[in-house]
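Right, I'll just put the structure down here and ask away after.
Labels A, B, C, D, E and F are assigned to the chains in the order they are written; within every chain, residues are numbered from 1.
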């Protein structure tokens, strides 16, 4: 089955990204296709490569990057939400006159249309948030 | 069509579980995850709300979240099914649409 | 028909205290271009999103409530508001923004977009949806 | 000592206001801000909780937050004082300690 | 005396669903070095922070509950848990981690850090504090 | 009077940072001293210079930076919270092997002790959060 996931909260503060990760992993292991993982609201904060969590805790950002690399996942950060909250890729940084970017490997920034498309193309859409 | 409702909030703190129950129709399933798993405990102020609804709705609770919070399975309301992340995926695929009560 | 899905946007949170109401509206506006069958549900504190007379000058935030009035122009005209949620908050339909659309199937007559429904009807609307986005 | 309690959550959604009222002692003040201002409305399911407590506790509500949400002053429970950010600062300075019911 | 303040850390949220419990504990540990008069309050869903038997293996999060047991070593031994909050959640003192400290004024006798108090007593504890940090 | 402020949520998603800003401004205008504004939990996300909010909305980050410049405010981001969430100054970036930093002007990163000190030194401490 084709499944998409929406994540509405950032890493660590809420469990949403953790649960979404375990759900996504279980779906992949169960032979399902993950059409897209869409990060909205504070969810875009999952896509920063500048995080350095404590050594004895999980690394939420890296875990997504690694899962994406392994399964060729499409991890999309909403551009409007990312602009508000300060998540930028090199293109966005340039366009907005910023001197740095912070997007993590395996993530890309795109529009809200990608969420709607995920809803249309997928058999199921599951939301994780606060 | 049959719907799966997920609830991730404590029923002692917020109205999400109450609202989910009010909007679940006969044959629907409610899955308690994250802080929502407190809704599956016996003997709380809100346990009755769940047991009253069990005739029409199937209830599920995430085992990993129960364990994290130190809630022994013996304290779970009889008839609520304890599942893991694989079971979560199965529930999603077995129901036509999933709604998150955030 | 098979590629038209019933999208339901569920709004259960008050405006301004959190951004969910505003960012939900942004999804609805973008989604309107996709020619799906779209409906909005307002229940619990979500009914507060539609109150008249919002004035954000003193809190310095963007007042996005006028955008709800534009939804009709985007062919978003199925707006379900739950009666029990209004009652619990001491609100009636008169307290809400008058949202209308022009019905192209009825000589462009202006009609109300808001339909006040019972919790039981709201449950049925949810049950009949193909995709539910919750904010 | 006298305490100021701030509440920024809707009482229709969470228990913060109820808990603040339960833990305010005679002479304390409760200030409703942000989504907490819905607690100051007449005619809601929770209005009675506030009016019952008004004998012992002074209630204040942020005017700018009421306006943002389109709540007319005429709908505010009689006896609740409407203030602005300057009034918030004054309340903080006039009470020995401020507690936020998050 | 004038530079010792009564700090009260108020915990009202369940653990793991949000990070507030963990990050509150981090403040308490750092704060212990400042030699203030420190107390912790657990009420509403905050009482869930202290439950025994937490095992986070399957959710892949850090189990920080053992840290509560170390509080006594940091001279943090005034831990107030509200009875009404326990009752509403079907919990008793037996469900909570046994937290103890060694009383230097009583020949290092091991004593319980947790004191179950009524809501009225909790209100009085709050009222008597100089600084309240809420999480 | 000497007042300190703690902010526990990030910009835009919750109103906490807005209310704290208006409160802080009113306190300064009222002749009070703001000893410190301490950003904890997701509050550290208020301190990124990579945000580009929509033109027709307020710029929460810049507003803090400007208020700090005007009144010589001490805006402190908790280092542990900042590391988890990907907010870094040049020193932190270097120490953690990151190729970029994102801290905004007027903010500094320091330890939780700064919060405790604010509680001790100030006549009042007011918390804004979720």
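Brief remarks on what is shown
The working rule: contacts are C-beta pairs under 8 Å (C-beta built on N, C-alpha and C of every residue); 3 or more make two chains touch, one makes a residue touch a chain.
Given the structure is predicted, the values throughout are model-derived calculations rather than measurements.
Annotation of subunit A and subunit D: jointly contacted by B, C, E, F, touch as defined at the top.
With steps allowed only between chains in touch, the distance from subunit B over to subunit F comes to 2. The highest number of C-beta contact pairs joins the chains A-F. Centre-to-centre spacing of subunit D and subunit F amounts to 26 Å, using the average Cα coordinate of each chain.
Note on chain placement: the centre of subunit C and the centre of subunit E lie 43 Å apart, centres being C-alpha means. Remark: subunit B and subunit E have CA centroids separated by 29 Å (rounded to whole angstrom). A straight line joining the Cα centres of subunit C and subunit F is 35 Å long.
Within subunit E, the positions touching two or more other chains are listed as 13, 16-19, 44, 59, 61, 131-132, 134-135. Each of the following residues of subunit F touches two or more other chains: 8, 12-13, 15, 19, 22, 41, 54, 80, 125, 127, 129-130. For subunit D, the set of residues that touch two or more other chains comprises 8, 12-13, 15, 34-35, 64, 84, 97-98, 100, 102.
Every pair of chains meeting the contact definition is listed here: A-B, A-C, A-E, A-F, B-C, B-D, B-E, C-D, C-F, D-E, D-F, E-F. Chain contact summary for the complex, subunit E toward subunit F: residues 3, 5, 7, 19-20, 23, 26-27, 30-31, 33-34, 36, 131-135. If you check the complex, the residues on subunit A that touch subunit C are 6, 8, 40-41, 80-81, 111-113, 115-117, 119-120, 125, 127, 129.
Remark: subunit B residues 12-15 touch subunit D in the complex.
Those residues of subunit F that touch subunit D in the shared complex are 1, 3, 8, 15-16, 19, 22-23, 25-27, 29-30, 32, 123-130.
The residues of subunit D lying in touch with subunit C in their complex are 8-10, 12-13, 34-35, 38, 41-45, 47, 63-65, 67-72, 75, 84.
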